[in-house]
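Order as written gives the chain letters A, B, C and D; numbering starts at 1 within each chain.
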Amino acid sequence: MTPYRRKVNYYETDQMRIVHHSNYIRYFEEARIDFMDKIGCNVMYMEELGLIIPNIDAYAKYLVSLKFDEEFEVRVRAKSFTGVRMEFEYQIYRTSDNTLCAEGHTGHCFVNTDHKPISIKKSHPDIYKKISDATKL
Amino acid sequence: MTPYRRKVNYYETDQMRIVHHSNYIRYFEEARIDFMDKIGCNVMYMEELGLIIPNIDAYAKYLVSLKFDEEFEVRVRAKSFTGVRMEFEYQIYRTSDNTLCAEGHTGHCFVNTDHKPISIKKSHPDIYKKISDATKL
Amino acid sequence: MTPYRRKVNYYETDQMRIVHHSNYIRYFEEARIDFMDKIGCNVMYMEELGLIIPNIDAYAKYLVSLKFDEEFEVRVRAKSFTGVRMEFEYQIYRTSDNTLCAEGHTGHCFVNTDHKPISIKKSHPDIYKKISDATKL
Amino acid sequence: MTPYRRKVNYYETDQMRIVHHSNYIRYFEEARIDFMDKIGCNVMYMEELGLIIPNIDAYAKYLVSLKFDEEFEVRVRAKSFTGVRMEFEYQIYRTSDNTLCAEGHTGHCFVNTDHKPISIKKSHPDIYKKISDATKL
């Protein structure tokens, strides 16, 4: 699968002249949504079906600071999936020299439009299968 | 009416070591929502009534840069209101020395939950009256 | 020149289920920085030379709301340039159907690392020429 | 110590109609900076001394979603401090009903203006003492 790549935006820097640490959580999200799209589970499409995937938690470890205009790549892996919960792992690399800049993980559940937790095994078997298959990669 | 005041957050700075210019548009919004609340038109309450107030436009002029940890105050004025459209004016002052740092204006319309423009004169006469009265201040 | 394109991120939406209006100011910046890079005036390189280009003002007019996951394109034009000041114009199109979603302009000056305004005609003739040439496009 | 309190801003919501999860990392920062100020270690002052405190990591666990206009309070505790590294713990409560909405922790180191790690025990004994004392609270 092609990794998610883009450049750091100016407004993502702070007065330390590096990317503000909160933005890595956003980079994880960008890459996760791209990953879901690539495995056939477009997040907007799922929300239109009434299937919403909020975060349960998020962790980021900062190793080397990304700077404005640097290109980075986010590698995503679906680590676990039960139909009720799902975990992703991430590594962010600076593409110029393949330096690992940050890594982390996020946990998610599935909720309906009333924000009630659901298991998607029976309610959405096609999506269940796609995520299951992707978790084995 | 008490003006809206708070300090600049670290994550609002950029690598120029000043507040990123896009955040002033957010400061305008914070102060506008505070203003609406103070005149009895709480924005969350209005959205629960099905009345949404999107932006038509936004303008900011940057005079003196705000920096991290500086306290600022946003003065808001409802400049015009027709029941269909509404305009606000803003000035942002650094409170330590009363320096005018930025000024601007925003235009708004009223839409229902289907994002269709509406006139609130007949649909919401109480809100119409409150905004009308505030526009004369 | 290739226009600047990308998709709307989830975190750029607000509870109206559209892109928060402040983000268009950020889209303008992303496209402006891309434009400057393409004409040979990389913004990070210029900052390393001690040449910083803050905003004097910014205006955005919102016509049609962009939504999560929609691809958009930002067309940028250098409208005026004196060596002391510079103006850009922007149009943001939804690429799926070429709908104009927003337009706007920003004004800029040039400052040194002490944030003092400078004229780049004599101080940076190469950059002056590149921006001059781009303004005639 | 008075806890850090404020309301959720409109632009902090996303299309789930809740605060976007990345913003909790920013709320932690706001409260941490407020805490440091209250113990006599103003972060802007420390940066002017050449003492910068970047994040090593950040974790947030999301329990109950905060919504637009809700007031919340962030309780911060300095959990550990060695002069080289420092850890903070956070709980975020919705103030209307004292519901725990999120909790988390962040790790930090101290660096100089060249972004080199330093121990502040000898370099900044007064700041060392203030943080040490606060960690025992």
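Just so we're on the same page, a contact is a pair of C-beta atoms (placed from the backbone, for glycine too) under 8 Å apart; a residue touches a chain by one contact, two chains touch by 3 or more.
These numbers come from a predicted model, not from an experiment.
Of the two chain pairs examined here, A-D and A-B, the one linked by more C-beta pairs in contact is A-D. Chain centres here are C-alpha means, and the one lying farthest from chain B is A.
Centre to centre, using the average C-alpha position, chain A and chain D are separated by 24 Å.
If each chain is reduced to the centroid of its CA atoms, chain A and chain C end up 28 Å from each other. Note: centroid distance chain A to chain B, computed from Cα atoms, is 33 Å.
Multi-chain contact residues of chain C, defined as those touching 2 or more other chains: 10-11, 15, 22, 26, 29, 68. Within the complex, the chain C residues that touch chain B are 15-16, 18, 21-23, 25-26, 29, 47, 52, 54-62, 65, 115.
The touching residues of chain D, counted against chain B in their complex, run 6, 9-11, 26, 29-30, 33, 42-44, 67-69.
Of all the residues in chain C, the ones that touch chain D in their complex are 10-11, 13-15, 17, 20, 22, 68.
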